[in-house]
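Each chain carries a letter (A, B, C, D and E) given by its place in the written order, and its residues are counted from 1.
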Amino acid sequence: MTEVQLTISAGQQPSQPSSLRLVLTLGIAGLLSGFAIAGAYQITKPIIDANNARALEAAVFKVVPGSTRMRKLALRDGLLVPVAGDEPVTDPVVYGAYDDAGDFLGYAIEGAGSGFQDIIRLLYGYDPVRRCVIGLEILESRETPGLGDKIYKDAAFQANFEALSVEPPIVVVKDGRDADNEVDAITGATISSLAVVKIINTVTGAWLPDLPPPGEEPPAPPAEPDAPEQEQQGGER
Amino acid sequence: MTRRDPRLLLQSAPFLRRGITTPRLMVDVLIALVPVVLAAVYFFGLSAILVIVAATAGAALTEWVFGPDRRRGGSLTDGSTILTGVLLGLCLPPGIALWMAFLGGAVGVGLGKLVFGGLGQNIFNPALVGRAFLQAAFPTAITTWTQQGAITELLTIRPSNFALPFMQAPAPAADAVDAISAATPLGLMKFQNIPTGVEQLLLGNTAGSLGETCAIVIIICGVILAIRRTFDWRIPVSILGTVAVFSTIVWLFDRTEYPSPWLMLCSGGLLFGAVYMATDPVTSPITPRGAWIFGLGIGLLVVLIRIWGGLPEGVMYAILLMNAATPLIERIAQPRAFGRGRAVA
Amino acid sequence: MNSNLVWIFISAMLVNNFTLYYFLGLCPFFGVSGRLKTAFRLGLATIFVMVITSLCVSFLNAFILPYAPYLRLISFIVVIASTVQFVEMVIKKLSPALFRALGIFLPLITTNCAILYLAISQTKADYSVIEGLVFAVGAGGGFTLALVLMAGLREEVELSNVPAMVKGTALNMIIAGILSLAFMGFAGLFSGT
Amino acid sequence: MNTPPDPGRLYREFAKGIWKENPVFVQVLGMCPMLAVTNSAINAVAMGAATAFVLIGSSFLVSLLRSFIPKQVRISTYIIIIATFVTVADFTLKAAVPSVHKELGAFIALIVVNCLILGRQEAFASRNSVRLAVADAIGMAAGFAFALLCLGATREILGSGSLFGHLLFGEHFEPWVIMVLPPGGFIMLGVILLFFGFLRERKIRRRTRVSEEAAS
Amino acid sequence: MTAGVLGRTFRHGVHPREHKEGTEDLALERMGFVDRYILPLSQHLGAPCKSVVAVGETVTRGQLIAEPGGFVSMALHSPVDGTVAAIAMRRHPNGQMAQSIEIQADAFSTQRMSAASPVDWRSLTLDEFITHVQQAGLVGMGGAAFPAHVKYKLPEGNRCERLLVNGCECEPYLTCDHRLMVEQPDAIIRGVEILAETLGADSSTIGVELNKPESIEALRRAVGDRGSIDIVPLKVKYPQGAEKMLIKAVWGEEVPAGKLPLDLNIVVNNVGTMAALADYFDRGIPVIERALTVAGPGVDRPANLIVPIGTPVRDVLRRCGLNTQARQVVMGGPMMGTSLASLDVPVLKGTSGLLAFTEDVINHTAEYACVRCGQCLEACGNFLNPSRLARLASAGRYDELEKAHIMDCVECGACTYTCPSGVPIVHLIRAAKGMMRARKAKES
């Protein structure tokens, strides 16, 4: 194996160039690099933000079937208040999903927890009227390919979450579901199935008391915001 | 001046040998496997034979082609490769595609043994390397346990055995007997909290890998091998003892949540692994003290993985991990040389 | 909370072992695993640097990076390089014996991608200071475990008649692969379900 | 130094990186990204491109500035230069192909500590003219990308039955999941290196046989 | 067999087939004289002795022909009446050429020894006694041929408390010590008495393995009611005859590694040595002959013989009917002896047996790689890890070998005997020890 000799020992030997020159070189290098990075950041940030927003939107629309508009809602002092898409918030966040007409369809709630291999991050749709989970999207996971990754690859498993009652708490069963609150586990990936259900149960349990009663959700966002305009907004910042 | 007499054969002492050779040790273990194979056939029908033969063929062919012997295939004669193949076959599920079993044998011998220089040089148990490879490669196929056939169906062969190489098994007809998948006793306990009776475990009337279900046969063969000094009895004793102690402790905390010590001891690959896999002399510590530590480590890991891990069964991983730790164990467990370390009167 | 810490530790050390699952720190993993003693020392030094890095990163994340997120990478690398330098100096002053034992490995740690990954992933997971510390100790412990196991195996293999075509990196890769396979047994450990 | 190097030399510096001094197969450098991101061919290509961007860019800059950078702070300066390029690459990828960026994750950032890059600066760019440095960087980058692609393609073909996302063997192919898992990375690279070892040994055997024949 | 006594023993060790049945009942016979004797100047451990005769000189039986070449060296006496035919390089049983005195026997001599006078050992100081033993040419008759007197030179501060006499004869095939014990128990006991009294030992013990009940019986009878000598029956096991193993077996004590029995104030000698000692002090006869066993399927008439030192092996074997099937001749026991490259080498003072093996009994075990079965660990009486030693030795890792206590190995061969893979463990260890000694010599 080729050894790369590294001596990260700046200015150890006494030598000709003055320390001023050393500091200067490093300083200039740092400065230039700072400029370059800041520049790149400025150029790419709006695109990245737009990408993220688009991805989030797609996910929200998927987990709340029929929705075409969404809005970020933060829980402040026990109330759900709409916040701008790029505003940094420290409060818990859900997404409200609305249809073309601006009617509220459901919440998209994010959750995370440990899975078989590593953290699973997911987004699920929740219908407060029916008190049901209505859709599931796995945002991030490193579950075993071919087994645990069926939590997002297996249509049959996903179908469990199309109308899944959360009361009483969801349970995982084998060999077919008999009740509204049951999820049929993936054969050979019971742990991954359990992990998903556990995340949904925990997150739902935490959110339920704080969600406003059905019908009192914050209103739909103004109809116009489309991807290009969002991009512009980001660019102005 | 005298010259060397060409008729006289020069050798170095000692001139006597005990006469028990390495191939004989291998054959001993193979013979001790015959009852296990028979039990597998009894419970799983002809599929068992097919899977074992496929795994052995994979192992043997690899050894024959890439073996270290100058005479091609010479290294097959020591019997170790055949043993590896049979052991691998016995820890596969009955319905596995034959090409997978073959591949497992080839990988086990190729990557688990030959790259290290062949017999005696390997650091991981080749059969388990093959098994772990298959488990990682085909997680679904290798965890699909099929129901045991009735004795009248001894001759039926599972169609999934005959998947084309590199292809999935065809979807079985829904009403076929062997299409009914069954969970292993450990899986039942872990995911559905259903314990399995000890009599059932002892007799082997459960789902599982070919060779691991019938506890009583494995125990008897193990005792015979231990008496014959074919393997180091300390290893299985240490493994089983550790598992018994720790699973009892855990079980006493919550008797419904955690499996009983009997279930822990008699189910899954624990007995098979303790008797036939962990005792592979090449990959286990050579010193008696090392053997105790080795078994202790395996026992602890088995309990850890089975009870708190994501997998229902962890014997294979526990043994592989302790194989990896063997050089470290041997470092701290060298024998005390004569006249050293102890005060002499 | 408590079980979460256990999970962070076990996950970083065994389930998602930096070396065997994320392929991090492979240069020292293959480069320094020839001798058990050196491997163990390097492992300890790495744990130490990881802990300090984790603290620094927590600090950076709390006070500086919110204002200039784009400087994240460059600040991390500067922090790691100077941490290593600093640690080197401190050890030299306080315990020359330990310095002699560790000295040559310390600079190597700078290029250990495990440290940088630790910083990035601690940031991404948004760990608190305590969680970050546990994560660092777990990750460093996992690295050390893998390194020590590997070193033991390599010392063993050195006494075998390994075929010439396999000797060296190819064999090390295969050993690491099988080790990694064995570590798969830890998957799902303490995931709490 | 001022005379432009002849094209032959340029070509040689370029070509050595691809085969004779291939950074992965021969020098065994840059293992971490090599294994971590090669579970599919497309990831391998993206990683190869990002690494190439950083390597070529920093080689160019380091070689250009080599007489200005004091010896004592050279490594720090290199790291700053490399980190800059990496950050830029990171942002660009994230903006252009977010899906790939998500797959590669932190490993783009980890290009900073890829010893291949720092090694080339230290061993080559800081001592040679800009043209040679760039030729060398392109060669090394190509060699690295080639190795990544080899591994990525094999792992994807076996592990998913596809190449660049296209199914190769139809629906019923049983994928070898291990190949897209970490152990598969180690083992596959081990097997490829084994193949190289086999070629090397065969060459040595042939050479000794030839010399033996010449001697007899 | 002594009823009810299981016998003491040490831990570990092996149980090779004894093969003693062919010769254990054959009484010692005297080998006739032949016409040529070869006497290497180096028949013992330590410095070779120096010739004091010239070519052509006439010598008589029992006459001193070479003086000790140092303290760890022995005198050498002519085994026959005859003429010094040559002082030249001759093949040594160890396979090399060694300076030797060749004596042409006088064909007309009766070979009767002129009456020699007994030595009044009671009047000797210990140092004088030691000089006498050295002049008698007495070496350890057990096989290693360590000059006997060196063991009696007690270091400052040590005293011989216990005298231990080795009658184990644990090597398979060999029965000459057994015959000696059965036929000359009085000489042995006499030797023990002389030595015990001179060294001032508190107790004397003779250890005999249980497969030699006759020997035990004879020795007990010879001791009679004197009671000062203890006969201890030992369980049959190899290598019980190794000094440290014998001490462990008899008293359960371990001689610390790197130390000698002397450090525990114990002196260990072979029964053969005791008989020779008595011969010298009582009758004035130096070591000019010894008892040995000729056995193995390669000879038609196995025997226990008393053979003049220097008799060519070829003549001994011819007397015992060496047959045409013999393919290997081993000097010494089958566990620690050496195979001979030529039959024209002489019987030495340390030769306890000559074994002729035929093709069907020669070991042809195929060699497999070590499978680390651990059998060698259970065989090694020294509690070493022979498997590891062999692996380190073949890799040439001398520093680690040193740490693994390779120098504690007594090369008894039990590990190799038991190894199912046929690894020549003890051979590898021996070679590595040689290399290490050479390296050390170079360094100093």
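By definition in this document, a residue touches a chain if its C-beta (ideal position, glycine included) is under 8 Å from a C-beta of that chain, and two chains touch if they have at least 3 such contacts.
What you are looking at is a predicted structure, and each value in this text was computed from that prediction instead of being measured.
Asker: Keeping to the contact definition above, tell me which chains border both subunit B and subunit E.
Answerer: A chain counts here if it touches both subunit B and subunit E, which gives C.
Asker: Averaging each chain's C-alpha atoms to get its centre, pick out the one most distant from subunit B.
Answerer: Most remote chain from subunit B, centroid-wise, comes out as E.
Asker: Weigh A-D against B-D on C-beta contact pairs and write down the one with more.
Answerer: Comparing A-D with B-D, the pair joined by more C-beta contacts is A-D.
Asker: So what's the Cα centroid distance for subunit C and subunit D, whole Å?
Answerer: 23
Asker: Once you find the CA centre of subunit A and the CA centre of subunit E, what distance in Å lies between them?
Answerer: Spacing between the chain centres: roughly 85 Å.
Asker: Taking the mean of the CA coordinates per chain, how far is subunit C from subunit E in Å?
Answerer: The mean C-alpha positions of subunit C and subunit E differ by 60 Å.
Asker: Would you kindly tell me how far, in whole Å, the mean C-alpha position of subunit C lies from that of subunit B?
Answerer: Chain centres of subunit B and subunit C, defined by C-alpha means, are spaced 33 Å apart.
Asker: Where in subunit C do residues touch two or more of the other chains?
Answerer: 30, 70, 74, 81, 110-111, 161, 166, 169-171, 174, 177-178, 181, 184, 187-188, 191, 193
Asker: I need the residues of subunit A touching at least two other chains; which ones are they?
Answerer: Within subunit A, the residues that touch at least two other chains are 1, 4, 6-8, 33, 37, 40-41, 116, 144, 146-147, 191.
Asker: Going through subunit E residue by residue, note those that touch at least 2 other chains and give them in order.
Answerer: Where subunit E meets two or more other chains at a single residue, that happens at 369.
Asker: Please give all chain pairs that are in touch with each other.
Answerer: The list of touching pairs comes to A-B, A-C, A-D, B-C, B-D, B-E, C-D, C-E.
Asker: Residue numbers of subunit A touching subunit D in their complex, please.
Answerer: For this pair, the touching residues of subunit A are 1-2, 4-8, 10-13, 15, 17, 21-22, 25-26, 29-30, 32-33, 36-37, 40-41, 43-45, 47-48, 51-52, 55, 144-147.
Asker: Which subunit E residues qualify as touching subunit B in the complex?
Answerer: Residue positions touching the partner: 14, 16-17, 89-91, 95, 97, 172, 244, 248, 253-259, 264, 327-330, 332, 334-345, 355, 357, 362-363, 365-366, 368-374, 377, 381-385, 387-388, 404-405, 408, 413-414, 416-422, 424, 426-427, 430.
Asker: Which positions of subunit A touch subunit B when the two form their complex?
Answerer: Per the touch definition, subunit A meets subunit B at residues 116, 144, 146-147, 174, 185, 187-188, 190-191.
Asker: Which residues of subunit B touch subunit D in their complex?
Answerer: Residue positions touching the partner: 97, 100, 111, 115, 133, 136-139, 141, 163, 166-168.
Asker: What residues of subunit B sit close enough to touch subunit A in their complex?
Answerer: The touching residues are 138-140, 143-144, 181, 183, 187, 190-192, 310.
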